[in-house]
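I'd like to ask some things about the structure below.
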């Protein structure tokens, strides 16, 4: 971050009331962002607390069965439903992990190439194309994953003698991985470009090749920035909705096998709020508890990412 | 001495090979990512291109004056006239079951085409006229080769008899494939052959307008405050952290907020572009703030110093000198944020924008869907013909997005200033 | 320069106006319909034709699921609440109570026809001839062990269930617990098959709770895959996977009859006539519910009801049957049409 000396416009002269009014307006605008956060936290908490009155919080967080079936008819006994979020968390993590396994090498390698090797013409062509990849709506990835990738994986899998679920975690994870590539690529691009040229020059001076310089000098120097970017990408993967709604299943399995079907937190929120609902039942309220869980998870990742990135920035500023 | 330079040691060879290999890895990664993009877009485009054509069938209809009450032309039973026209065109069809199949050649809503024509020119009453009707989706799929002909005849949606009628129509030049302008100019329909994207498109446009109207002023004001006026204290740092976090909150959470606050607490109209736009605005706000701050930072301090030096107040300095210079950058950020909002589906599902909306909405208060939601809805419909509509709608959405991004790039180029 | 300031101010003002105007509720000029995703295609078809053939605006139909729809429907009688709720099951007493609590006591019930639930697979394989008992044994979490007790479902292949069936791995894709289709399937097919065992049937009277638990719980060991409400994607997936079966509404089978086929159940083929006359065992009734008080307040409510219950729409030759709705018998239709005409209130 090349910095210009900042002039503080805080003024000591007495000002007109319209000026004070405008200033207040500006302050109010910046507070809207805080208001939104407060709104999110409160609306989620409010409904989630009602949910935890029915289902104890530890049963939600540590329960191993997710089966939100509440009585559809009044006389339907024996189907109270189980609200253990563990299968959803593991499912979310499985798909995000697959996505990160796809996106990290692709994103990192392409950003290194673009930042260190590619000429300005290549950059001018490739960068917008990668940005286009990021700009494609996720509903399109979902459509493509469900219609093309999933059958393809199944076909390959069965011809190899493997058992592949029709809605395998792999299909959703692959599509999500490609979606995240540009995010990782642009964040690591920033981190790599922020490494001072003097470090590279020193390495070349010692006789290292460009690849060696990148591997031994540039990447370690950019590592905190890259790590922050990877955390942000993970948070995006966890919160992604449409790809998993269309391509991943609803089967709440606890598994690490990418060829099996799993479900995610976001899929369940959508299913619970657009499917058959009961009023004020644990089922509908559980969507908000899941929302709170999702919000907390991503928030922690984001804060961690920002901490790392800020720490790193101070080193080279 | 020269030997040292010309002869490479095995060690050096290995290192240079590694260098090559490393570069190819980078190229490979870029290739894989872009190849995926191309395969995805071209697959969807090839599936969607069929939606640009629509099969039409020509029939000669006798506008029987006895069936058409001149005073109540709007309410007459035009379906019967079309059925009669089909029966006289294929006079050898007598069985009840076959007749039903025969009626299924033209779109089930062809009667409204005929009605509109007659109501517009009542003088046609009593004449026999030749009209092109939209064919049903089954006929359309057959013409486009989307019905497998290998399966057993009784189990297909079009059997040999129907195929022979269609062949007969083709041989007499009474069946044509035309450009499907209806896809662009009409709203959603349950009949795939009549479904269009206009209502979803307008819904998206309205939502974006609301989104822009709210998030742009709020975003730039917040950015101006944080960049130019905020004292450096913990409170400002808190707001900043807050905005950065908000930028990474999953979009579906904004949908939950909209459901709990805008719909349940405020009672705003469900599934309206108003609420959709408000939710999208909250989502884009951080993007705009961050981009606007970057744009403000890029304005050199000399501008501020000069303005202050000739006696402008801080507010005047910012609004007369700094902000106008940063405006193109802010707008670019806003357009990028809008493009993201345009493709967003998940939060809209939460606030009831998954509705069947046939009429094109006239205001932001009327129920509407948005383009990505329409795609989601069509992907869900049982009729096979919706598959190509879904793909075509995706292509339209992508074009819309590309246009917005191009606008952002051009804006950036045009106003890019070097200080 | 002044222009800049004023345009900034105008923008801010514009935003302010937006928020204030948003709070002004406008009177509704069109019907709002919510509810079941099964009735959704039929309701939208009627709505679309209604909009085209009358002077009224096209009603807005939203697919929220039966329970979700009735929840919105019963929330109040004002303009912001829907006028009509579609349901793929009958309204529950608890929902009627909820409605009454919010001042809605004038609900009109309209039955519109039937929907069959089918078990279908790709045409590239053979269809199965099943009984309800086979279905139960293939899908239940616990099955009878032959000694009057139960054991976790051990069956992996259809042949394990019934020696007459082929040796194909049991793999069934079906709706999630959130769906009304699942509920109907469990009640009609699973419970029906469950009662093929006399001791379970007798348990219904003595120990209702464990009877339900046994008959209504679907296995979760991977043989049954919850595949979402997006039934169209299930059809695509069945084609990709010839040994798998899918559970969905009859209209989806009807639309894709060249690619998939329905299995017979108790020797009855899932077809139009068999579902209409009730011989196909896995079928359910479809309804919609109307608030009488909205007639006259929202233009077109009465006319919409009339359009839906006309023979042109719901009759055996009507356009809804083209969409996969299975019509009621002539007498039943006549009965319900009369009820609608007299705006008869719902009685349980």
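The letters A, B and C name the chains in turn, as written, and every chain counts its residues from 1.
Keep in mind that, in the parts below, a contact is a pair of C-beta atoms (placed from the backbone, for glycine too) under 8 Å apart; a residue touches a chain by one contact, two chains touch by 3 or more.
This structure is a prediction, so every number in the text was calculated from the model and none was measured.
Visitor: If you average the Cα atoms of each chain, whose average lands nearest the overall Cα average?
Guide: B
Visitor: When the contacting C-beta pairs are counted for A-B and for B-C, which pair yields the higher total?
Guide: A-B
Visitor: What is the distance in Å between the mean C-alpha positions of subunit A and subunit C?
Guide: Subunit A and subunit C have C-alpha centres separated by 34 Å.
Visitor: Can you check how far apart subunit A and subunit B are, centre to centre, with Cα atoms defining each centre and the answer in Å?
Guide: Spacing between the chain centres: roughly 24 Å.
Visitor: If you average the Cα atoms of subunit B and of subunit C to get two centres, how far apart are those centres in Å?
Guide: 28
Visitor: Taking each residue of subunit C in turn, which ones touch at least two of the other chains?
Guide: Residues 12, 63-64, 229-230, 233 of subunit C each touch two or more of the other chains.
Visitor: Please output the residue numbers of subunit A that touch at least 2 other chains, ranges allowed.
Guide: Counting only residues that touch two or more other chains, subunit A contributes 25, 146, 245-246, 273-274.
Visitor: Can you list the subunit B residues in contact with two or more other chains?
Guide: Expected reply: 217-218, 221, 319, 354, 379.
Visitor: Within the complex, which stretch of subunit B touches subunit C?
Guide: Interface residues on the subunit B side: 100, 104, 108-109, 112, 147-148, 151, 155-157, 189-191, 210, 213-214, 216-218, 221, 266-271, 274, 278, 319-321, 323-324, 352, 354-359, 365, 367, 379-384, 386.
Visitor: Can you tell me which positions in subunit A touch subunit C when the two form their complex?
Guide: Touch list, subunit A to subunit C: 25, 67-69, 72-74, 76-79, 81, 146-147, 150-151, 154-155, 165-167, 245-246, 249-253, 260-261, 263, 271-279, 283.
Visitor: Name, in rising order, each residue of subunit C that touches subunit B in their complex.
Guide: 1, 4-5, 8, 11-12, 14-15, 18-19, 22-23, 25-26, 32, 40-41, 43-45, 47-49, 51-53, 57-58, 60-64, 80, 123, 229-233, 235, 251-252, 255-259, 261, 317, 319, 322-324
Visitor: Note which residues of subunit A are touching subunit B in the complex, please.
Guide: Answer in residue numbers: 4-11, 13, 15-16, 19, 22-23, 25-34, 36-37, 39-40, 43-44, 46-47, 105-110, 112-114, 117, 126, 128-133, 135-141, 143-144, 146, 148, 178, 181-182, 209-212, 214-215, 232, 235-236, 238-242, 245-246, 266, 269-270, 273-274, 287-288, 291, 294-295, 298-299, 301-303, 305-306.
Visitor: Considering only the defined contacts, which subunit B positions touch subunit A in the complex?
Guide: 15-16, 18-19, 21-23, 25-30, 32-34, 36-37, 40, 43-44, 217-219, 221-222, 224-226, 228-232, 238-239, 241-246, 248-254, 256-257, 259-261, 282, 285-286, 289, 297, 300-301, 304-305, 308, 313-315, 317-319, 339-340, 342-346, 349-350, 354, 372, 375-376, 379, 390, 394, 397-398, 401-402, 405, 409
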